């Protein structure tokens, strides 16, 4: 049995807005294991970023978060949600044991300090108190992510780097403390195809070296196929399917996953109409208690689906899906006569 | 069988109730979808408690400005030597152990052992406070003539040879004029100079900043340099120099106009910068390009896309600029460089506070400071609230 | 054989500031036939947007000709054209933008946004206007009851539909789509691509489809142009380009595509170094600093953009001798 590094249980996030109560995350559970990459995919606004911000405890004040986020540190489990916001303990976990890479490399750095300055700051905080050692570590980390001439680059400012290089520096910074878990929120979306491929190779290679767990968030299925071991598909704040990358791509079960995969054009495939999921994602507000994909689902079965929202049910060893179609026995008593 | 049916009915009722709730919420949402930027802004502004309170306070103050003649018991020129430096009148309800409604006693003057004038209430006669009484004639908004005042004192008990009793809520000044009336009448200057000045600088800023932002090139360069020159002057000395240049002996109206112009001359450059930078930013927006590609004329693009685009920012900036003007007018008048007697403003009223002994003996003369402070804070808070509300998509 | 609707001839665009001159588009030439879709691909900053904006005359090209065959059968050079004629042509050449949030005025209702081009060009009565807007809205799949709403009520995909409706309402013939689906999710992307293709069939539209997403371009385009540092380095029919690329840059670009299939492991051809500074491009072949096939000649001698096979243009000294790997 592989150890799980992070276990999220029934995570719910509510935000009060002018227009009403928004529930962007409505009970999400998953685990990320050692040395594996779990992909979290889903359309924009389905709650991916909020989920990982909740893990790091960096959500807005107005986000009401409930559930459990268990992180195993040195063999014991800690519920990150129960820890005080911005306490020293959570800050040390956040910098040392869990690292994060964001979508926009430029905005993750302060333009006023050199790259080296910003890297050593992190190292001095979590690793060593020796300034010289910190510099050595930083330069070593830059070298590992393939930055040529790291000694010189160490003293340069962020604007002297290109987007792809900055993203690599960000990865170097995230890895410098040897984290157990790396959360990457669309780290390649803002980058060009060529650099995107490069970064993904880099992350795979570094994972092999450090055996860390990666939670990889993206909506690009090409990236998912190339980097992830397991995939969780999110729709409207819930995980609707989770399984190994091969199961998900070869044998998708949930109608939403099927639709998502169908709408990707494969190079060399026929150039007829793409399959597309009709309609739009509803707002996570004023939802009825039934399958949240009901209105857009082409496999909808009036008899089976007119029930409360389905929960994840195992359909294979590693494969679970939340859809009434795969429910063999009927768990809910029939209502009325 | 029956039981099941009952259960169904009740669950149906619950369902219908849920359904109705949902419909209501959906309607609410639809209203949000169909509300314009201004409506969204207003909605957010209403949530900002401090801004709402400030708005109410300002509304009260400006109501005072409009109806000053009606609310003030005295006119601008009324005075009474007897009541020179009189303290605020005390309002009583009970006379000789009997409830008689609100009234005041007359102040008689005596001298204490240091030969200082002191005021003592003469408890012989009462002077009832009456509402809607006749008094000095005034005009509201310059054209509605009347001589009815909101309240006044019934002087029918007044013995021969005594000055009529006035209800002086805030006391009297050196010349025995009711300070309350003068604060109200003064607000007609102190609270409108900033508004008119702001309006003038708004027009200047939109035109000059707009030209600068729209044409760019050398027009922009020249205007920017001019703005820099304006901004490089220290404000207070410049005010003083400019107001010293107001010719003496001209009419009150002209002084008013001069002061307003001085105020706006000094505030447009900053606003013009805001307009220009917003203009430049908006010009690059895709929707402006889309309009150009659709063949919409430049003029229409400015009117339909650019001006509304920076209007909210401009209004916020204008609001936040008003406190400066209030303080500016007050300090100029205080220094004797702005409004001059017989005209009055809060600054003029405060001139009497220039000596410490005066403040020590008649602390009520500082009341106009409270008004200045409240107005300044209220505009600041309102402006802050508007700034937060200006960006509904944040 | 359909007629040529657009000829781009030696178009360059230089952005000059005090010190630097950036040649954002450098001597680009290609032809577009009526009803075709031309894909333009390349890394960010290679000049795709600038080229597209030159074509719709949002900006003036520095040199070159943009010949457009108008509806009236005459060919106009959009670069040298008087204001009045340009106004007429504007209706025929429209643009769809990348950012669905920045391209709609947040202060206007959807109805006002879609009807603005009509109001600017024709004098229509209110009910005629309404009818037109409603019909175009239903064409792009917008519920007519949405017309009273403001843009903040919509998701990215729906906003993009509004943008498409605005571009279509003047009955254009040529539409430049600048990354029109890049900001959208895959499933929404599929909807919008289908919509664009349906509309193309219905109105015989010609598209210039700018994107950095190669699989989308492969799906929608008839021909593809590859740009690098402001230059067009290869231009060919889609299948030909993806199967038999003739330019090493195209080969590298194709190899970097992440295929949405976990069983196919991609074998990327690494590109050395970074994209050179466009203000200071390399000598000879612009790509030589990163090309793994670079020889001495490439560093000094300029390359010309020539037709190596019928319809297949390329700018590489070694195009004849290299045997490059495509995908498919």
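The letters A, B and C name the chains in turn, as written, and every chain counts its residues from 1.
Operating definition for what follows: a contact is a pair of C-beta atoms (placed from the backbone, for glycine too) under 8 Å apart; a residue touches a chain by one contact, two chains touch by 3 or more.
The model shown is predicted, which means the values in this text are computed figures rather than measured ones.
> For the protein chains shown, what form does their contact graph take: line, ring, star, complete or other?
complete
> Write down the chain pair with more C-beta contact pairs when A-C is set against B-C.
More C-beta contacts join the chains of A-C.
> So how far apart, in whole Å, are subunit A and subunit B when each is placed at the average of its C-alpha atoms?
Once rounded, the distance between the two centres reads 53 Å.
> Taking the mean of the C-alpha atoms as each chain's centre, how many Å separate subunit A from subunit C?
32
> Cα centroid separation between subunit B and subunit C, in whole Å?
The computed centroid separation for subunit B versus subunit C comes out at 55 Å.
> Could you check subunit B for residues that touch two or more other chains and list them?
32, in rising order.
> Within the complex, which stretch of subunit C touches subunit B?
56, 58, 87, 90-91, 93-95, 97-99, 102-109, 113, 116-117, 120-121, 148-150, 152-153, 163, 166-167, 170
> Under the definition above, what is the set of subunit C residues touching subunit A in their complex?
43-44, 155-158, 185-191, 193-194, 197, 212-216, 218-220, 242, 252-253, 255-266, 268, 270-271, 274-275, 327-328
> So in the complex, the part of subunit B that touches subunit A is made up of which residues?
The contact residues of subunit B facing subunit A are 4-5, 8, 11, 22, 25-26, 28-29, 32, 43-44, 47.
> Which residues of subunit B touch subunit C once you look at their complex with the stated criterion?
Listed in rising order, the residues of subunit B that touch subunit C are 32-37, 40, 285-287, 289-297, 300, 304-305, 308-309, 392-393.
> Please output the residues of subunit A touching subunit C within their complex, sorted ascending.
Counting only subunit A, the residues touching subunit C are 43-45, 162-165, 192-194, 196-198, 200-201, 219-226, 228, 245-246, 249, 259-269, 271, 273-278, 280-281.
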